[in-house]
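Labels for the chains are A, B and C, by order of writing; each one numbers its residues from 1.
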Amino acid sequence: MSKTNSGRFFEDYTVGDVIRHAVPRTVAEGERALYTALYPQRFALHSSDAFALWCGLDGSPMDDLITFHTVFGKTVPDISLNAVANLGYAEGRFLQPVFPGDTLRSESQVIGVKQNSNGKSGVVWVRTTGINQSDEAVLSYVRWVMVRKKDAAAPAPDTVIPDLTDAVSPTDLVVPEGLNFDDYDFGLAGEPHRASDYAIEERIDHVDGVTIEEAEHMLATRLWQNTAKVHFDATHREDGKRLIYGGHIISLARALSFNGLANAQCIAAINGGAHVNPCFAGDTVRAWSEVLDRADLAPGIAALRLRLVATRGAAFALRDENGKYLPEVLLDLDYWALMPA
Amino acid sequence: MSKTNSGRFFEDYTVGDVIRHAVPRTVAEGERALYTALYPQRFALHSSDAFALWCGLDGSPMDDLITFHTVFGKTVPDISLNAVANLGYAEGRFLQPVFPGDTLRSESQVIGVKQNSNGKSGVVWVRTTGINQSDEAVLSYVRWVMVRKKDAAAPAPDTVIPDLTDAVSPTDLVVPEGLNFDDYDFGLAGEPHRASDYAIEERIDHVDGVTIEEAEHMLATRLWQNTAKVHFDATHREDGKRLIYGGHIISLARALSFNGLANAQCIAAINGGAHVNPCFAGDTVRAWSEVLDRADLAPGIAALRLRLVATRGAAFALRDENGKYLPEVLLDLDYWALMPA
Amino acid sequence: MSKTNSGRFFEDYTVGDVIRHAVPRTVAEGERALYTALYPQRFALHSSDAFALWCGLDGSPMDDLITFHTVFGKTVPDISLNAVANLGYAEGRFLQPVFPGDTLRSESQVIGVKQNSNGKSGVVWVRTTGINQSDEAVLSYVRWVMVRKKDAAAPAPDTVIPDLTDAVSPTDLVVPEGLNFDDYDFGLAGEPHRASDYAIEERIDHVDGVTIEEAEHMLATRLWQNTAKVHFDATHREDGKRLIYGGHIISLARALSFNGLANAQCIAAINGGAHVNPCFAGDTVRAWSEVLDRADLAPGIAALRLRLVATRGAAFALRDENGKYLPEVLLDLDYWALMPA
């Protein structure tokens, strides 16, 4: 018997199954420092223990995307090793902060399957939960991928398409326990803008660009213990390129969004997201945001719903006249961020 | 109103103004490990908690240049985003060690302004202070930069040129509290040479060379949350090159200087420094030092005043017959280091 | 007198001499995170404090190869700065785990010398011990290198060739204090295979490949404070290539071996190893293993003796019909790993 894991194929997923993913991972100061070295991360809450204490927390929590990448990375061997495409995210909710020293593991429940009409592949929906060493959920999100069948003759399962919300309701957003912005120092945070200073439909060019090197995205992707070979093996594609992990672009764009959204301290939810075009080393990534919605959550704390777009081109690029994403657009992410009201 | 910071222009600086820089930053074991990965750092006091305990400290302090880069990085958005040139440093003093877990922030006071005769730019002098979570100063230095005017018609301010010392006086050097070299283990430190073994005007070739990759200098520069776009964006210059942060060369040269100066454990002061020529990925950096002065500070503790030169070429390169820096010279730094007397 | 260390030459080694190597080094969470970023490391015991607690330890120990590289790196300035070739390893034993915050130093005893017939170089055998801050040995191994003579006319020493075992006896393998696999969670560890599921002579293709970048191997090699200039200086070789530190390949191959050996949690011994061919940036490294032996060590704990081969080519490549290593083979390592019985 082969000792290695060849991954699951479409016919290996049954609605209701729960998959416990290997390998639990402790994240600490090292991951935090590397995150800052890999992405131009400057949000004060994730940069400074002192600032986090002023905001009512016990110390600086790990960047929310460290949590996301760590939880996501564990699912790769079980969910997307034989995936043809990463189709979407929904209902992502950050349920409590992760602090240095916490250990994360992941579980996924299969919540939907739909065989493609070609009979060779199908779409699988899973709800993944990130769990800490106290067995508390820290993150939950839905993801759907297209997966190959191993045996095209395997019978098609009954189609189950989960009912997913377009966006997490503000009432479902979790404010980390203790968090308050009563003594918030806008000067040290980097910008003066409160949530109420942003208009719906306002668009923000985050200005800076970052050119990506192969070594950087591979260091990052390994850091999350994401094993998808397309990211590491230059012999995998005929053109010798290594496909950059989509989450790397999410982190780059989110970090760049500090310019104009410096007070959007935490990600509270990921409503949806699409990796629109592949990104490769040598690309220079820029980002822009659009304010989609705003909600008051607690005294002094509001949430902005934001579209975050990463692009290889100029700001505000998105779709052509036919509604098709422009070729320079890399990411279209819809999320809720917490900030001073 | 634009939400992003377009930086200050020459006319935005007034002598006496104090600028509080964003974002406070906690530095810890992660930054220390990355520093060792990025630079060939081997000084025992910054490498080993055990060695630091033998030297009377509570543990290994962060490398002095981690402190410098972190404090410096915070000033970039306010001081040098629109800078044409980084002209010099003076009166840099390390006032107390930074330990893992400390949080650093920066403040700068404008201490001089002088409009250039072309009316399009001017020189701004600031005294920057690095401050820890207990509001204690850990570092102070003067830096001056040439900054563009936004409006060439803006009136020229009264010229104020600060009176700066050529070198920090030995009596102004701070020996970290508790530091002593009474039980100093020269064998474990790597070399047998005390301060008294060095002759004034002695020159030391540090022998090794390090070829720089794009990924490395960008990881480093992001780690210090330095946002100057010339370091990250390959589309910024017409030749597609990314300019390497001058501080990266300081750290490389200082780390290389272990070969011959292994006991120069701490940097106590930066007397002056010039980034003589730009450095780019692919360059192989070497370093050499010249002993400029020596002073006894406390029982068993002396300081060496050192010129540290980084070069793309052979050792001892510096200036041509006209006194002009040779094109292969990258850095000419003048600093005081503490070592066993 | 030159202040820099030009390294030892063959005639500088005398059997019986003990060399204390500089510089002691504290390893902590930062080194752990970087190790994960540099290598596709997923072994649960080294990834998770929680998993390590379930296995009876006080927390997750540093990866055994972090210990090896750190101890090895310190020996370079004294042992291999003038080495022509790194000839072999033997009798490597991991004597106790290293935990975050421990400080490591190295000592080597010269145990053999043999001048080559050409009179220009010779082979030196040393037994190196890694020692923690409590003066306890954590690692011991024998290494032999070919070193140039400085003065070809120096008299040849009496030949002493140490008597080395082919493989560490299972009775000499150390099980870390407290380690037990009684509540071992194979699901979270990533694979269901116990030691008893592996057959002697079974071969395992670890499947994935990793293409190496210059920045990555230099970050790694600096992290271990290994100063050998061939790894860093593109001007050192005529072809401009930087030779990749052999230990980088060991770590890559060991990390890749997770696919099929996920439960081989710790390295207990290194029986031997050869860096068969040099590796350069751009190479895509794969790995395969062969089970050489198996031994029960303690209730529930067994050891597998494994050949681990790193290759630039397909799995199971090793030697040609004349017994010569194939040109694509990079590493042939023989080690003992601990796993659930």
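By definition in this document, contacts are C-beta pairs under 8 Å (C-beta built on N, C-alpha and C of every residue); 3 or more make two chains touch, one makes a residue touch a chain.
Note that this is a predicted model, so its numbers are computed, not measured.
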Fitting on CA atoms only, what is the rotation between the copies chain A and chain B? Please report it in degrees, nearest 5.
120
Can you check whether chain B and chain C touch via the same residue numbers (shared by over half) or via different ones?
different
Which whole number of Å gives the spacing of the CA centres of chain B and chain C?
36
Sites on chain A at which at least two other chains make contact
28-31, 33-34, 213-216, 219
Going by the contact rule at the top, pick out the chain B residues touching chain C in the complex.
28-34, 36-44, 47-51, 60, 187-191, 193, 197-198, 202, 204-211, 213-216, 219, 259-262, 282, 284
Hey, which residues of chain B end up touching chain A in the complex?
2-5, 20, 22-26, 28-31, 33-34, 77, 100-101, 103, 105, 133, 213-216, 218-220, 222-223, 225, 227, 229, 232-236, 242
